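Dropping the structures in below, format is structure tokens.
Below, chain A partners chain B and then partners chain C, in two separate complexes.
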Partner chain A sequence: MLTPQRKKIIAVFLFLLLGLSFFFDIILGAVRIPLGDALNILTGSSSGNSVWITIITEFRIPKAITAILAGSALSVSGLLMQTFFRNPLADPFVLGISSGASFGVALVILTAGSIGINLFFLNGLLNKIGITIAAGLGAAVILLLITFVSRKVSSNITLLIFGLMLGYIIGALESMLKYFSSPENLQGYVIWGMGNFGNVIWSDLFLLIPIILFGLVVAFLLSKPLNLLLLGENYAVSMGVNIKVIRLLIIVAVGILGGVITAFCGPIAFIGIAVPHITKKMLNEFDHKILIPAVCIVGSILALLCDIISQLIWHEQTIPINVVTSLVGAPVVIWIIIQQRKVKHSLAVE
Partner chain B sequence: MIIQNISAKATELIESGKITEVGDSYSLNIEKVFSLKPDILFTYGNGNPYIDGDKKLIQNGIHIASGTFHLENSPLARAEWIKFLAAFFDKEKEANDVFNGITDRYNNLTKLTQNISFRPTVFTEAQFGGVWYEPGGNSYMSKLLNDAGAEYLWKNDESTGSLKLNYEQIFEKAHDADFWVNVLFWAKRSDVLKNDSRNSKFKAFRTKNIYNNNASLNKFGFYEYWETGVINCDLVLSDLIKIFHPELLPGYKLKYYKRISDD
Partner chain C sequence: MIEPAPILYTKDLAVGYKRKKSDDFILLNHLNLSVEGGELICLLGQNGFGKSTLLRTLTGVQKPIKGDFFINGKSINSYERSQLAKVLSIVLTENLSIGEVSVYSVVSMGRYPHNNWLGILSGNDRKIIDNVLEITGLTSHKEKIFTELSDGFKQKVMIARALAQDTSIILLDEPTAFLDIPTRIEILSMLRSLIKQFNKSIIFSSHDLDLALQTADIIWLITKDQKIEVDCPEDLVLNGHFEKAFNKKGIKFHPQRGIFKMNKVADTKIQVKGSKIDVIWTERALERIGISTDGNEKADGSIQIEKKDGRLIWNLDLNSQPVLFYSIADLIKYLKNR
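This part shows the complex of A and B:
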């Protein structure tokens, strides 16, 4: 265990890093804005270049806030799933929850206009709410399926493979939908499907922030039963945990957090799996009361850093966010698989 | 000689069964092509029939001719590919006549804008999947816009393909542009906002100077611009001149382009 002193130091360091990465995500971007001007705009004392003001206030600040929301939501849903399934490899992306959310969105966007009820989803904010509901439902359905299968299979790797295969099946169904949809709808879907923090605008944030906060609060309130779950389901039940209610609440929380972020940003790879492991390793901590806020901070930092890297210009071009998160996250997964035995031990699994 | 009504003619042939579908640009139905036993199969790609066509078809005696008109960097060079097609039908003379007509009309139109004093600024396309593909400064689109008497904002770029830019790069350069053309599938102002509500911050949106090439659609809802716009590049140019400098072509009616409507 780390001493309380060292934990304080780590906490201060993380908050500093969070502040810095938020700041640099706003300062750095495809358009070069001199530091002095950027600072003036941020402090509101600028009367100068109005284009730069728009770029910072309408593009970069919403994008940075979205990165924080996405980093927190995905990391917390990854943490919940890892504890719930007692599987270090669980996360919304790997186990097909994102695919489920994608499929929900695909159904809404790609069949728009061809089914009467979808007309409801077509315009403006209604469109966003429709997509959000569809993604949340898609995520929850897959999560229920995975939960059901997890009762039947004992091996973590088997569940992982099941999730991957489920992802492929959903991907195939999605391709079929794409094949038969109109070019206009397809275009709408392709735009969404790339994974991007930059498409979220202020009016979306008014919807996104309360939903994500709600999901995070639900997750935090589950800390105690989650801690007990770490010691095994039977133990948790013997300690008075109503496992059915807790299971439902976890599914709701992951559905909201994973599904809604997928609805607004598209599928974002590997943040959900990598962050809980990095955080646990760093803090050597297993209490969810501490872990949940901690993965929020580490997840936000990672998402912001990935966004900064993706925005840096390589020959006048930016790289997709998922390329960066995969390069960062996939090695973590490989490391987990190699360390499986140790991780199992440290998670008190089996 | 002007190429007209290709679209109507093709529609007619499709309905009478003389033209049949053999797949889309990404997946050719090889068995169907083979069973039709064509004398020649025209494809497009990078110009290498072994890559652009299917090896099995070639091995089984199907002749493949692959064109690269889409890689040409000027509108006239694209239209000139009519000569390539004509050569297979012994119609070189007609093709030359058609192309000379296009060239004359095109060059006469560019004379109208050559010494023009005011060149409105223009940018194109829209954000797609987080990326904004903007034609390079040496592309045919850049040439077309400049020939139409506009100042294309990326004309000094040296690439011939598309630039992959992001929204803030476009916004910095084009927020004040006078015109915005070739905008995906948009037809109404609400389409512009649905793509991204920040699109309203462009001057061209406020001044209602957004034009798209979807004025004429064929029976199946596809853009005639993509069917006949390549060969009728003089008409495309006329459209653009009419948009940028209406006084130069009084009485001319837009064929391919129309203004984004107020819902």
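This part shows the complex of A and C:
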């Protein structure tokens, strides 16, 4: 058990780290901008290089904000899934929500120009709103399916397996689309699939911020039933949790947080599964009313750091964010599996 | 005198499983049970006869097939989950793995039905939790990690949590399963003392016949005809219901001792004589290897236990062949190989 004193120190440290990584995510990038000029642009006191101003205000700041939103959203939905399924390896995408979103995107990108779905294209360029709508629809369809099934089956394990299988089916359909699509379209889809925080511009953020905030607030309101769910559904119900309502709300929150981020940034791997574990280990905490804000901060830091690394690792080139998140997140998952004893217990079917 | 109103009573309750295509599968039928304050009730019955199903129904998790039951005079159907959590708490046998959660935190969850939407503990909540930890002997363990405790302690923590929930009824599903005998006794005597202190009604299911006989005020005995016999344990023994409910081929209820014994067909009868305690344990050993010790019948032989120079000696006289033994082990070995 950590003393409140130490928890405060950790909190201060995390906020500092968040501020720093936000700052460096804006300062650093493929285009080198001297620190002094960058600071001047940030404080609005410079009338210098207009290209640099554009890069920072129109590209890097929205990208950093998107990283924070994505980090928070994915981590919180990962936390909700892990508690809900009482499975340390569950994350938002196990339910197939991101597969649904991906499939929507695949439909748009991969069939571009071939069967006349030019509705989503402007001058032959992909329109982001088109992708978002497609991803949102894809996620929504899967969400509805999962919700429907969750009313029928009482066991979380069954639901989890259902989600996994759904993911495979969608994956197969997606492969088929890929197989028949043109090389250019395939390339576009593959690049989207590698993830990117940089596709989001200010006008997108006005949509993204309220949606993600709504999802996070719903999650926070569920803190108390989530704590009770740690003891399993039976105990939770015996202590007054209306499991059907709570289950629906958890699925809605995860669907919003996971689905929308996937639409805007591509399927970002491992943040959802890794951050809750890192946070729990660091704070030694189980209480969701503390964990939810905490995973938001840790998730934001991790997303920002991964974004910084993706800018710096290759000279004057940005490598895909999924490469970095996988390199960081996969070891965490391996670490979880190595802690066999606990995993075995948590996966034990009652 | 006015009869006290029962805290819980069932009205023509039937429990089992609803089926869509065929007839419902009914395990227990026409139940008219009632629970008054301050009773320790043990639900006994063979496996598969509906113990867990009845408990699940009484917790409101499973719908009754027929009939209804009432808690504090109110039908279960008119209870919201959150209201029910204030009158009825449960303790299950699930093996929980909940990560790094302290004993104090688990017990504090018992206060959740009573506190605000964020589950923040008030001063009163903390007082109740401290008191509950004290009663259950967990005060010195409150900082420990729940998952790392022994099964017995985990069970105590879950009972403490149910106590913190401050309900008039506590249902426990097999609270002594998977525990060693001293811990079983400890848990059951703890339940007994809770009844006395808080005037709660506790219903627990069990396999443990002799412990149930010792601790329960009332036994709900599931019979073989889908009914429940309600009586004080001793009455159930004397009126033979116990025997009827449990007798199986090869097993026989022993009313003198309140235990079940393997009912082997004895081919030899031996009469044992000596001081009382020596006789009891020698008889147990003989019965284990299939030798009857019923004294009245015509015996094939006899054992006289004596004490000489501070040592016990067993004088066996079987088929007019006297043999002498210095331990039960030797005696048994001889009788087995004879």
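To be clear about the criterion, the second predicted complex is superposed on the first by the 255 of 350 C-alpha atoms of A that agree within 3 Å, B and C clash if a C-alpha of one lies under 4 Å from a C-alpha of the other, contacts with A are read in each partner's own complex, and residues count from 1 in each chain.
Rule of thumb we're sticking to: contacts are C-beta pairs under 8 Å (C-beta built on N, C-alpha and C of every residue); 3 or more make two chains touch, one makes a residue touch a chain.
Only a predicted model underlies this, so the values are computations on that prediction, with no experimental measurement involved.
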item	value
Partner chain(s) touched by A:N196 [first = chain B, second = chain C, both, neither]	first
Contacts of A:K289 with chain B and chain C, given as first, second, both or neither	second
Partner chain in contact with A:S175 - chain B first, chain C second, else both or neither	neither
Chain B versus chain C as contact partner of A:S238, first or second or both or neither	second
First, second, both or neither for A:E58, with chain B first and chain C second	first
Overlap of the chain B and chain C footprints on chain A, listed as residue numbers	none
Interfacial residue positions of chain A with respect to chain C in the complex	1, 221, 223-224, 227-228, 230-232, 234-235, 237-242, 280, 284-287, 289, 342, 345-346, 348, 350
Touch list for chain C against partner chain A, complex	59, 61, 81-86, 88-90, 92, 94-102, 105-106, 109-110, 112-113, 117-119, 143, 147, 165
In the complex with chain B, residue positions of chain A that touch it	29-31, 51-52, 54-55, 58-60, 123-124, 127, 183-184, 187, 190-191, 193-196, 198-199, 201, 203, 311, 316-318, 320
Residues on chain B engaged by chain A in the complex (per definition of touch)	127-131, 163-169, 171-172, 175, 184-185, 190, 193-198, 201
